[in-house]
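In what follows, chain A forms one complex with chain B and a second complex with chain C.
The block that comes next holds the complex of A and B.
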């Protein structure tokens, strides 16, 4: 009994102590998803990597406008088209006090490409990484790559000694049988340290007083809680328990704005929402047209495009929180995006095109759609279904949760779809990723462009994609990107719908910066008195 | 008695096996876990490799046998999402769910019984009609709606109670509790009411109808005739006799409170097993789903076993029957 009382007293004391530093500036926020793991190479997903970016750092970092700045690398030079030299920052310490140096970079380069890493594409397997001296590292490539370091904000550098000491050299993966230390603990060089991490419940961060750089914001302590339910998340903001919640449903934006003490922060996101069509099979899997594939006819594809009133979808379904898109990439990521225009909404022209292609009465087609992946995804599909019905296309909509949807329409499901809605954000912030992932030829197993679910193939676009990868001259490169996108647009290979918008609910007590890739950086969190 | 318990235990094992089998058959229709485990740039070849290494390509009977063999050693594998042993995850979430269920059950009993007695005794009073109306709402409104309604009134509008989470938690070593801190106590009020409202209604209506029945019985009339005060007649003689079915129902309902905490936990972001399970369903985290379903089946089996044993102890007729049979 006495022991139990002692434990109880100790517990209460601990709870009181934990609550004590109330004067410190605390920032509390909630996101709809869970921070599954602290292992920085386990999942190539923006929320996980973006959150870990407050704790870990890469050789470069991107500011609130996504501009590249030196981070752990002080500077870099391209010695030859295939050889890059990075000069590392001196005097940087990891949270455990260890020094950062070239060994850590070489070690991290091996680890990120090791088995179990989900970030293997951040650094090609044939790149040779060598230590020149303690603060200089060379990267030797097999071919030129002008965007080598574009993704490296999320390739975090780990401390070699710490990782080895805790037996975490191999990347955590679910197939491992032993628990991995790095999944539950973090040791970076970043401006914040992880104080405690309870996966799916709460993660607490604290300012790193020994951070090498300057931080704009002033939060001393940051608490993250996942809140899955939209209504609960918004309520937590309105009741003042949370300083920031994201995303908020588009229909709640007026409510958050109208509430005293909170505001909705909206902005464009890098994600493009589009429709794809099976252009590979000789007969569609889900259609009443037998013996041929109507989507192989560019007139049918264009008829679909012009039958959909995208402006109305943006206005009604997205409540204005989206921008109609003429291109498969965000205009922020491609300088010449303005030269592309959408085909106008024109149901008459659409009907004429269908009649010309031999379908005056339209036809039936099955459509696949996720229900929990993109903003109002199911509602968009329903709107598309309604618009297509007006020109005689009868769409049989199959809307499913993402776990089932992706299992069906991706390579693992044998690209089991005729017509689908998908969203894409190029992880390298560059057009090459879009071309390479969505617009090149592929075979039935998905070798080639794995997410070209429609399976269309244009040798010309493939050629351009290969050249774009190694072209160092920006003007020439942009010209080739233009050509490739124009080809796809002229042939209506995809029907781009819109750039989805971001919606955060923010308390007036704080100032934050909203990055277009939906990353919340603690560096910009300013807690007012 | 011992033979009875052993027989029951053997039946329990069969029940657990059946639950596991049904669960495994269902997992095939939940979706593909691999796409939820990797980022968009992971190639189909890498995805296929991961699927193979997780053993997802094996036939269902093989996967099932492997699961049973491991589960028999209390090894439920590692979560696909969290990369942590499932037993650790469930162990850390268990206290939250059990505390919530316990407080809900307590609420249901402490409020439901007096309301039942009152409405049974005063059938025509206005207050009785009010109670009955409230209980009708409790039975007909879905849990998530009640939860969101409470959040809207008490968190957003009045700002009295927290809208999510468990508040400050005290770690007692093997158990974490929110019942020792003010914020923890405040946090449990709304989830407990949401979860317990249906049970409260059930108990109230049960007590009421039993009370109506008992109050007409001869021994109550005799008690009145003896000139005993109303208080003693109502509470010592009448209520005591209504409680037998109430105890049975409460015991059985405790299992469903734990199992149905899923929705309440999701609405209030209560960090318990139900929330863990629902997130696992969304991400096709099969090890968590399997372990959770087994645990819930186990809870039901144990409660049933206890109820069976209690019957055996309480009801002499059961014993006599068995004695005659053997």
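The block that comes next holds the complex of A and C.
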């Protein structure tokens, strides 16, 4: 009897041991902000879209070096400068088993441009999308666009049948408080599928065994948890609870690097952090100046620019893990970026400009700032507030978590801001995206340049943007980009602050690939024994 | 703190002489711990009240804060700067000055919210105890419902609602009153229950019945006759609640829903410092934390002693 029991116990133990390796390689990671929605068109934000890129796919995808590869489109040809034909991949299935075909692409093209979508700049409203056959789709443009597919990595294709079946055709926007089915569930074609999603708490992904492509990494299960507090996030990594946390606060990089079993991965990010100002309304929403909008005066904008000591911010707040920026695009993405110089920090000149503009004693203005989106975002805003106080500008700082922040300042919130801090990475990795998304005219609903929150309008920049899109000669193109950026810089339409650095804390138990746009792709996650 | 407000009516033959001769003062001087606690608390109160004159810098004046001075260690450390005795925070604010100014907010919120809670609680308690019946039942059930919510939760609710209604503009001025209101609202129950109990006892005593017999209005009886006789437990609660209110304010600020970041209170400072503990800049969180702990301990010790001193059974 006793022997029998022992044998049984040994058998159970053996079975358990055998089950353990098969019980999957789990990768746990934390980010500073929440994954609020699974709706791929709700928020044009790199973290949300980058994370969903493990579940959904676009017609193209980019690898760890940001090189373009065919994804749901197997190949494409440019029939004429205004007509593109995409040949779709056959045999691809959505996670629910439905087939992927041309109907899904046409459906997604309409949906991404519908009301509530934050990704309207990914596909112009006047582009005609037609199904040729089940696996061929034509895109007819109103004007040539040689980089049409460059920023489509983040335009994901949804399953038409699934979306209609669950009554989720309309997009739940970032400021909408009642999410529909597509905001709470995901059904993509990507290498990972969502097993469970509790918004703001935890999201669990599992490998899609039926994925059509090859995946380099070996993670079977991925768990995402948002940890807002910087110190808590670092502690979670150091204690081994998390395999990767990002971003790690700049002050903790030496600690993470020095700790046994963890390392810090740093590098320049393609993101520009900048300040924007409402230059559209005749009276600011949040200011004590009534009857006029001080930001319409270029002298006021320049005074703000020169009041801020960006070098001190980079040195003290960012601890050197950032480079001051004179331009709204990373120098890695535009060859002639070096020709631009920042306006020097000069509080005296700033005060003189304010006095000249009729505000010798300054004025009050409300500022919107996220607390969990960019590296040290709140500290940057506080430093800006202090610098502006020295030239007499009193800033009412409204620092909020990104979910509330984005719902307030973006198109879906009616651009409810006077002065804000934002970061931008062009999703096409090209200057045209910056001009088109941040610097062209828009109307009150955001048609035009949807992320030009300040709403300024310069027809010359619009003209140049349109020409840049169709110009194929690089020298000529760069010259026009130079002209457009120079126009915006001369008029101080934005106050670029710095290019922020990437800082990930990674456990030695895993290998990951760090993309320069700060996207974590599960397909490169390698969990070691 | 040393005089009892009972008998405020009586024509005192020199208030100071009466205080000097009272049991309370003797008991106070006999307790060394209490004397030390009172001195510490007094130092905090003076430091907070006269912060603009004592503090070497004004951390709330953003124009005087220099980012290049940020994260300096305390003056006695190798990299320290004599201008900043306890070092600076991530924005270049002097920690010592910020503690003084922060204590000003913390103590100010504490005192005003305790006064608010006491006024509300005493009024409701007197009415409930004196009137009895349905009014009593109603007020006490209300109090019981309130008791099931933790104070911090109520404070969070009020703060959230207030921010939803008033928005964020002018937060620097409104934050103080929102904090006072939310903390005060969560503390009134204790006063109400205590006062109600004592009032029910006093109500049937002969002096109250006599007052009623000669036709004095109920309001006046409650105020003039009952209230002075139920005040001593209220004093004890108020002292201990002051410490609780300071802690609650610090907790709210720590959670980021209290005062705005440009006007740090002690809790805000601990929150900011929390992010720098790993990187070795310990002084941002530690000094305000110690200040908060010492202040609360001192006030609590005084409260403890006051409870013993005012309890005739322990004498």
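Assume the second predicted complex is superposed on the first by the 301 of 529 C-alpha atoms of A that agree within 3 Å, B and C clash if a C-alpha of one lies under 4 Å from a C-alpha of the other, contacts with A are read in each partner's own complex, and residues count from 1 in each chain.
Throughout what follows, contacts are C-beta pairs under 8 Å (C-beta built on N, C-alpha and C of every residue); 3 or more make two chains touch, one makes a residue touch a chain.
Since the structure is predicted, the reported quantities are computational estimates derived from the model, not experimental observations.
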| item | value |
| --- | --- |
| Which superposed partner A:36 touches (first chain B, second chain C, both, neither) | first |
| Chain B versus chain C as contact partner of A:427, first or second or both or neither | first |
| Partner chain in contact with A:372 - chain B first, chain C second, else both or neither | first |
| First (chain B), second (chain C), both or neither touched by A:148 | neither |
| Partner chain in contact with A:327 - chain B first, chain C second, else both or neither | neither |
| Which superposed partner A:399 touches (first chain B, second chain C, both, neither) | second |
| Partner chain in contact with A:229 - chain B first, chain C second, else both or neither | both |
| Touching both chain B and chain C, residues of chain A | 229, 231, 235, 238 |
| Chain A to chain C touching residues, read off their complex | 229-231, 234-235, 238, 249, 251-252, 254-255, 286, 309, 312-313, 315-317, 366, 371, 378-379, 382-383, 385-387, 389-390, 396-399 |
| Chain B residues within the chain A interface of the complex | 30-48, 50-51, 53-54, 78-85, 89, 92, 148, 151-152, 155-156, 159, 162-165, 168-173, 180-181, 266-269, 271, 275-276, 278-279, 282-284 |
| Of all residues in chain A, those that touch chain B in their complex | 7-8, 11-12, 14-15, 18-19, 30, 34, 36-37, 39, 42-45, 118-121, 172-177, 179-180, 183-184, 198-202, 225-229, 231-232, 235-236, 238-241, 372, 401-407, 410-413, 424-425, 427, 433, 437, 445-447, 450-451 |
| Residues on chain C engaged by chain A in the complex (per definition of touch) | 61-63, 65, 67-68, 70-71, 90-92, 168-172, 256, 260-262, 274-281 |
